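Which chain is which? They are A, B and C, in the order written, and residues in each are numbered from 1.
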Amino acid sequence: MTERAGATNTAYDVAIVGAGPAGLAAAATTAGAGLTTLLLDENPAPGGQVWRAVTTTPVQERRILGEDYWAGAALLAEAKASGAEIVQGATAWSLDAACELAVSCAGASRFIKARRIILATGALERPFPIPGWTLPGVMTAGALQTLLKACALVPEGRLVLAGTGPLLWLLAAQLLRAGGRIEALLDTTPAGNYLRALPHVAAFALSPYFAKGLALKREVARQVRVVRGVTQLCAEGQGQLTHIAYMAGRGGERRVSAEVLALHQGVVPNVNLAMAAGIQHRWHPIQRCWVPVLDAAGNSPIEGIAIAGDGAGIGGALAAEARGRLAGLAAVEAIAPERAARMPGRQLFGPALARAKRGRALLDQLFAPPRWSRLPEGDTIVCRCEEVTAAQVVEAVGVGAIGPNQAKAFLRCGMGPCQGRLCGLTVTELIAKARGVEPAEVGYYRLRPPVKPITLAELAAMAHTQRAVAAVVRQ
Amino acid sequence: MFRRLLDAAGGRVRVTINGKPVAARAGDSVAAAMLACGLAHCRTAPVSGQKRAPYCMMGVCFDCLVTVDGIGNRQGCLIEVREGMRIEAQHGRRELQ
Amino acid sequence: MRDRRIERDYDVAVVGGGLVGAAVAWGLARAGQRVVVLDEGDIAKRASRANFALVWVQSKGLGMAEYMGWTVRSSEGWRQLADDLRAQTQLDVCFERPGGLHLALGERELEARAQLLKRLHNQPGAADTRAEVLDRAHVERMLPSIGAEVAGGSFCPLDGHVNSLRTFRAFHKGLNLLGAVYRAGHAVRDIVPGRGGFRLLTARGEVGAGKVVLAAGNANMRLAPLVGLKSPMRPNRGQILVTERAAPFLNYPLVTIRQTDEGTIMIGDSREEMTDDRALDLSIAAVEADRARRMFPALGKLNVIRTWSGIRVMTEDGFPIYDQSETWPGAFVVGCHSGVTLAANHALVLAPMIGRGRLDAHVVGAFSARRFDVQKAA
């Protein structure tokens, strides 16, 4: 039996992956109830994406980032005070059905076992595959937000924002407040979305987003040229972005010069760790993404593993926090039911989630991204890592690839280090379109650990069981 | 391509980027430091040699891959700059020796 | 049921669209046969997507000398296959045959390797594979960056490797160009032999063909009795690691480490008696990683970006099964582990035989499943 250094099993009551709103809330809840809790986060500091750098941001003037951002500090303080062990710079790269995590920290990997696992790995921005989207200078709206929050960096030169969704407007407001300049905001929200959103207006009016959303839009529209009904976008340049070509309404193609283009068309769950663990997902026909199959408390079909936050379904920071508390409560109920029964405020978690979800239906309909920006054509790159184009994916369907895994075998799309995070949805939808079926029928890439790269040496240093040695060393 | 807001505090950390000494801001990620000092791209992609730069800044796109202290293909957006760090663009495929 | 005449939509139905089925179908289509390939869906066991892409000769055939010769023949025929595929589809499958190595960590492994080669060589009817045992000094001249524990290895100039996924793609593109019909999502549930041909009942309807070739991997075991054949299988699971792309580093394929034409490095291999390809044993991955690193210390710094497990198509004794039904002479079974190595034989030798309607006993008689009857009787 060969036990290698760095392979010590450590056991906790609860292990949580991701220190965004959901993870922090879950940790505060379980540790607060006295369960041994480990909170792992990949980034240098907690807060996830929405509260990135909330404890370290150099942007101290509070009105720039806005109060929703600073609200994160309170939850962070609660998590820190709860007794949870919070480890930054720790990447969870594998999870199995026995609730064993493989975690890489400072170049060494180890297994961590817990009685309950809560995945709070959040969301990432939906791919935005327009021609030229791989050019230096093209980034996501979230990237610009991160640069602002964590580093107080704003784009110099001509900046254009393009896409649809609340984050685009929030970013615009934050950049303007910080003294940035925006050449144009190209709004790709399809006209038809306004009609489809109408049935949900009443609910939205009661939601926390209504007043804030309207105010934000007015603030931005006063200062920035907004072009509505954009139906085509191209990033152009030789090795670097120099122009953006677009079409909107009637009239021909227009061109604007730009050094930075921020793209955004909503966020989708970051499914890689959950799928690699074997958690079943289903296709969400409105949000057009994969969401895990969960019960009301966030428990997945795998005993002991729950998902909270945007990774459970896109809902924003308030919903994420509520889901985190609910998942934390469920973990406490499973391990120490008497403490769960005494947990203060537990009856408020469910209603808080319901309130946070109010208005979500309208946001989903209003900001549903258009087909043209989800379904590229021709030479437009679909898989950035392996540089596979839309035309190649369609051709693969013609030669017999009926799903993304066959397409992957033919074309290598999805085989790069991002493991399909930036191409998977596009490939699924392109195949669905080519075959004339729904994405639910097409399916998604089969994902496996490591969900983030680790070095061969790091993997080699993990525990070698006798059974494993016998399976490999066969003479 | 990027400028710092005037009131941004932060100590300086001495690194080299593509061989040139740079006074990076403590707390910046490697990717942010490269953008802050005006670099347009941080790598050339291994398939076609296309120039690439950071896209997502949150560790999911893998376009910010750079060589840090001799080790290639590291995600620049997830690593904080440290005193003495050597940062180089990642040209194509990883060299082994 | 009345024995009505089978509607012969096709000359041949090939059950299974993997490397074996696709190679046979391609060969048949080239010979002018009307071919339909019936395949499963996107998520299926699919050994074609889970192999090491070796065209491997050394150490094959212990226990069946004919297999040695069959393997050598396919290795010699691979260049032709690669050229034909490129001429037809413009896809370069990057076949290379620089010779291959099986490295030994420590003297004991080297001695075991030498023993195996000797036993192979001494079999009556053994083919000359030109495999030889090399000492460390010799290996180090070929691979300057090997680790200190490498005691030597066995080398065979007939060993090589290929981009097996591109080969798979090329066969399918070639089938498409030749007008063969490929039907995914058409798993075969039943086969009804009749006058003039076979009715195949699939998940999406019925297909009629004059001949049927079972090339469904481990599923041949279930399908073969439907046409009066048998194909005993013993699948097992193997795991592979794949690294990020690296600059060219490894000039020879090794049995457990190879660098692809894209630059990624594949590392294997393991064997477990189980057939669940959804799960992974990380400890096995760790042992594989460790052995690879001990063979080439520089590999330690590379990132592993992917792992997967595959279910090996494995007959009961490990040797191919090529058979033709006596009750229903138009039914054939083609099953083997080495779908990559034997692709040349399958496309260029076996397919024409099937097209002519008769397996040549001189060439492939040893691979009939009747050998299992003999073993049982003995």
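Operating definition for what follows: a contact is a pair of C-beta atoms (placed from the backbone, for glycine too) under 8 Å apart; a residue touches a chain by one contact, two chains touch by 3 or more.
Worth saying up front: this structure is predicted, and the values here are computed from it rather than measured.
Of the two interfaces, B-C and A-C, the higher number of touching C-beta pairs belongs to A-C.
Relative to the whole-protein C-alpha centroid, the nearest chain centroid is that of A. One inter-chain figure worth recording: chain A and chain B are separated by 23 Å, centre to centre, where each centre is the mean of the chain's CA atoms. One inter-chain figure worth recording: chain B and chain C are separated by 44 Å, centre to centre, where each centre is the mean of the chain's CA atoms. Chain centres here are Cα means. That of chain A falls 40 Å from that of chain C.
Among the residues of chain B, those in touch with two or more other chains are 73.
With touch defined as above, residues shared between interfaces to two or more other chains in chain A number as follows: 416-417, 453.
Among the residues of chain C, those touching two or more other chains are numbered 244, 299, 301-303. Those residues of chain B that touch chain C in the complex are listed here as 46, 71-73, 92-97. Listed in rising order, the residues of chain A touching chain C in the complex are 4, 94, 96-97, 102, 111, 278, 396, 398-406, 409-412, 415-417, 419, 442-443, 446, 448-450, 453-457, 459-465, 467-469, 471-475.
For chain A in complex with chain B, the touching residues are 42-44, 49, 53, 56, 58-61, 124-125, 134-140, 142-143, 146-147, 150-157, 178-179, 239-240, 259-260, 270, 384-387, 416-418, 421-422, 452-453. The residues of chain B lying in touch with chain A in their complex are 1-5, 7-10, 25, 27-29, 32, 35-36, 40-41, 45, 47-48, 50-63, 65, 73, 77-78, 80. Of all the residues in chain C, the ones that touch chain B in their complex are 145, 244-247, 249, 263, 298-299, 301-303.
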